[in-house]
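The data blocks that follow each hold one structure.
Each of the two complexes below includes chain A, the first together with chain B, the second together with chain C.
Here is the complex of A and B:
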């Protein structure tokens, strides 16, 4: 390997990048825009659940029950209707998520100490929101029901009765359970993979289409040098992107940063190198830009978005899919990012992920080099 | 005129389907996406790894453990002995949560004093964390309710035995929630996500194919050659967009067939309505593709630009992240996103079986979008040709 040759091609690559300010601008501005937009818009928090009430009872007892919903920050009462049909129609039209039906004899049954039922109509099409909404309804009603029951019993007994289990849930690392703390670090990985993978695969595919890649290969440059030099050219852009993304995460979104900045820098470099090598490999396989784009989307954007644990927890996936996810570098990088940002853990915990990220990078580098030397032969 | 259009359409198909790689690039991603979304995309939490830290070791604490083990959602994977061990489990991500039964739990329960149970949840995935704490609260409540009832009953009896009048009544109301879940009674994420894939596929394929078909000619210099032939701009546009529309429809057919046959997604609406909405949607995407081609000179620029528009459109369509959770300004912004309407339509037709009576707003919005987009880009396109 000759560093002179690597440096020569590296200089050429930088000139290419500088000569196309529009692509460079896209590569720098796009991550910023994506992070700002998605960081603020992508939220899985379930609050302000739109709710509509059909109160067939119209008593003070039923109104007290409804007040529980009105007082909760998780529910927003959109209005009251006079029959179940209207609730059903509102669900059909996507106006509400939850319909609450208080039956006619509710107050009578509560007063008589009998079991009182009331009904929840739930739009289950978005199963995640629906199951969180359901757990809110359950815990709200359970709390209120226990309170009613204890009240009634206390009245009988003449003194307060205990409610014995004191169940405390403590949320670590993200105590306010804000989605942004969860989404933004993962988003950094996804954005980098998209920008890096696409940039590398498209640019190099273009050179294959133009035939300049073959010309380069026919010079004394060896495949390994070529792959390395191409990567370094993109790397300069990738480092700036990473810095922008991390700074925006910390200063704009106030995501806690509890770990080591050095570790973050080192792991980001490993990750970027791996992704750029991957882009070069794709372009060598695809040869045309259209195919490179398709392969890029299929092998970088989608898996990093879906199979990295960015949003969808890997534990809920079938075993086969979990196995596939081990080949996705973003999986390791998302874990590392969350570890550094939220948990503040260091190498002692993350070494496994770092090792696999390194292995991926080296593996793809060798593959890309091998592929290029195949082309040469 | 039709003959000339047919010629271009034929040429486009030949170019597109000529080599194996291009053929794969057009038909593999939809199927791949369908399977990934169908099998992998899942926000349900049904495999909770939990650490159990029992500092009490009484029959009561063991019966609480049995309550968790009885739920198919929970898997006890570690038995930490100390706080450090528990912290390590959460730090490494080995467990999602650690349940700590505080010392004196069993005794406190017996005496009717508040008994302490603490749960440490890894909140780095806020969605999983809130589902886990919801489920755990239900299990603890289910464990506690009979004990509470018994104790309250005992207490009332002792009060009654001590001769306090009027306390023999043990009647107390209990509230039951009857939940009726509509449209997706099993609450499977899959039923929600798979129909959305159709929207995404049609958009990606048709925008990209249209933009690339035009830009390729420009990049390779064959555009000038086409210009000197008797082809008129309208014919050129139709010739370039019709193949993309056709492939979009075929891809949609593939995805719908897969959704119904492989994933057994319920389809409750009308297939004709779905088809007509797809055609409405195609106006918008083909128009967008043409627009991309007018602002790009190279295929790379066209792809970067279309990716830059496609990603936000996809993310802000309500596909994965509910629109109602977004900041209000962004919510208004999503009204400018044609994907949003089509997403609502597709989900409505698949899961809710809604018809034109409910969906006409969205259809109207898509029609307006489509006509504006197509007219605007066709005009721009002609100007660029002159």
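Here is the complex of A and C:
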């Protein structure tokens, strides 16, 4: 390994990057756009569900029921209507997601201790949101029903009776269960993968197309020096991107940061090296920039997006897919990022993931070097 | 420019082997003499041969690109490798530069074996590939700096080497110009300059003048002579016949085989017994067909817009040619005796090779 040669290639790579302001701009702006887009739009939270009410009963009991919905942060009462038809129309026009119908005899049945009914109309075209809304309605009604039952029993017994079972939930790490806290740290990993795929996957293929690769191979430059120097060139951009992503996450999205900044920096560097080596490997496999780019997208962005646990929970995937996810380095980095950001844990917990990330980086470096030396066939 | 008529590619090996290499001096394989990153190793340290190629074969699948090639190149020589596109010139050069592995046979460059010591070779050669291998988005000066770095030119020599290259390539005024903006001839000189920054004892130039205008080509050959005079060995491939005449020695290659080797004068002498006529007519292809079976005519080949006709006796043949073409209603614009050019030599040798291989040889024209 010659420092002089690595330095020469490194300087050349920086010049390429600086000479191509479009790619550089893209590499710096893209993370911002992705962060803002995914961080705010990719909200998995369902709250303030637009709801409309048809209260046929118009009693204090029915109003008590409706108040439960009004008091909940998950429902937003958009208004009251006079018949069921109007509710259906509102659902058809995508004005509301939930329609609440209280029948005429609701109060009477409650007072009589009979089974009182009311109807919920749900827009099921978005099944995910609908099922979440349904579960909100369920728990709300269950709670209200228990409350009513306890009231009735208390009246009957002449004293206050406690509920037989009650539970207090305390959620750790993301106490408000906000999806941005879950999405943004993972997003850092996906952003770095995208940048690496975009920048690095073209680098060797471009040299093949220009004919400079053959020239380089006729010089004393060794494949390992080439791979290392090229990676270092991109590394500078990658570090800036990481900083942007982390800072925006903390200061714009208010994602809590509880862990060690040093550990974050070290693990990010490991991951960056790994994904850049991967990009260079792809580039060495493909002879044209177009093929390299397609391979880059197919092997970096998609798996990291789908199989890293960044959004889609790995636990609910088929076993085979879960197995495949073990080969996606972003999976380990997403775990590390969440650990550092939300849980504030350190090496004592994350060492396994860090070790796998390191193994990935070294493995891909060796593969890329081997692949380049194979070009001399 | 490229008329390779009469190219029968079905010859027997050994039609005409390297006449130039009688002596076989084994370069001291251990004569490494520490080839420092830039210090030129004295020629004596690796024997008198800069390049030795022994029975080299390179196959790509079933295709034989290089077919038992044997060549010796002396230190300080400008050695030309002449042949049509696809003849195997580049393949040989790429093997010598360690970019391809030979299928069989042996080759040494500066005393180092291409199969076992490619890294030692890479320190001692400069290579200029067919494409100008420069970075378009770097300036002239940045390209030179880059190659200085990867060739390991010592820090204290860099400025001096850079100025030398800029002066040599006449790029002193353009050092901050973006390389992509340079005209072809300048790019080519810069590429040469970058390949000699580390003062390699051996220089491989693969079609260095393709796509460059004739004046720039001439200037480029002047540079090659300068390097040769300074003691550098230059191995250059070309398909330009006129350039072949500039080389000290030549090997003609066709279909992966060396069909002749020697000095340009010696190669032309081989044809001195033959008589060549230049024939310009109103319909060259039809003339060629008409003359093919004439006993007075040995061979007909297309050259540029006309024909070169090889005959035994100019007087008798001229009469017959006039008769035959008149019978075919073809006008003769010019019919006269000319001295053979390198191209004639080449075509004649290919014909000879083909005839030696299989009789009767079908005309590929």
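The definition used in the following text is that the second predicted complex is superposed on the first by the 345 of 377 C-alpha atoms of A that agree within 3 Å, B and C clash if a C-alpha of one lies under 4 Å from a C-alpha of the other, contacts with A are read in each partner's own complex, and residues count from 1 in each chain.
Following the convention adopted for this analysis, contacts are C-beta pairs under 8 Å (C-beta built on N, C-alpha and C of every residue); 3 or more make two chains touch, one makes a residue touch a chain.
The structure presented is a predicted model; accordingly, all values stated were derived computationally and were not measured.
Clash-free side-by-side placement of chain B and chain C is the outcome of superposition onto chain A. By the document's definition of touching, neither partner reaches A:247: not chain B, not chain C. Legend: residue contacts after superposition of the two complexes on their common chain; A:30 is shown touching chain B, with no touch to chain C. In the superposed pair of complexes, A:359 makes contact with neither chain B nor chain C. After overlaying the two complexes on the shared chain, residue contacts for A:261 are found with neither chain B nor chain C. By the document's definition of touching, of the two partners only chain C reaches A:19; chain B does not.
Of the two partner chains placed by the overlay, only chain B lies in contact with A:129; chain C stays clear of it. Residue contacts after overlaying the shared chain place A:172 against chain B, while chain C stays out of touching range.
For chain A, the partner with contacts to more residues, out of chain B and chain C, is B. Put simply, chain B and chain C get as close as 13 Å, counting only Cα atoms, in the superposed view. No residue of chain A is contacted both by chain B in one complex and by chain C in the other.
On the side of chain A, the complex with chain C involves touching residues 2, 4-5, 7-9, 11-12, 15-16, 19-20, 210-212, 214-222, 376-377. Remark: chain A residues 22-23, 26, 30, 33-34, 37-38, 40-48, 50, 91-94, 109-132, 134-139, 141-142, 144-146, 148-150, 152-153, 156-159, 161-175, 177-179, 181-182, 194, 198, 202-203, 206, 286-291, 293-295, 297-298, 301-303, 306-307, 309, 311-313, 315-318, 320-321, 335, 338-339, 342-343, 345, 349 touch chain B in the complex.
Put simply, chain B touches chain A in their complex at residues 21-22, 24-25, 28-29, 32-33, 36-37, 39-49, 90-93, 96, 108-109, 112-131, 133-138, 140-141, 143-144, 147-148, 151-152, 155-156, 159, 164, 166-167, 169-185, 187-189, 191-192, 204, 208, 212, 298-301, 303-305, 307-308, 311-312, 315-316, 320-322, 324-327, 330, 344, 347-348, 351-352, 354, 358. On chain C, the positions that touch chain A within their shared complex are 37, 94, 97-101, 118-119, 122-123, 125, 127, 129-138, 142, 145-152.
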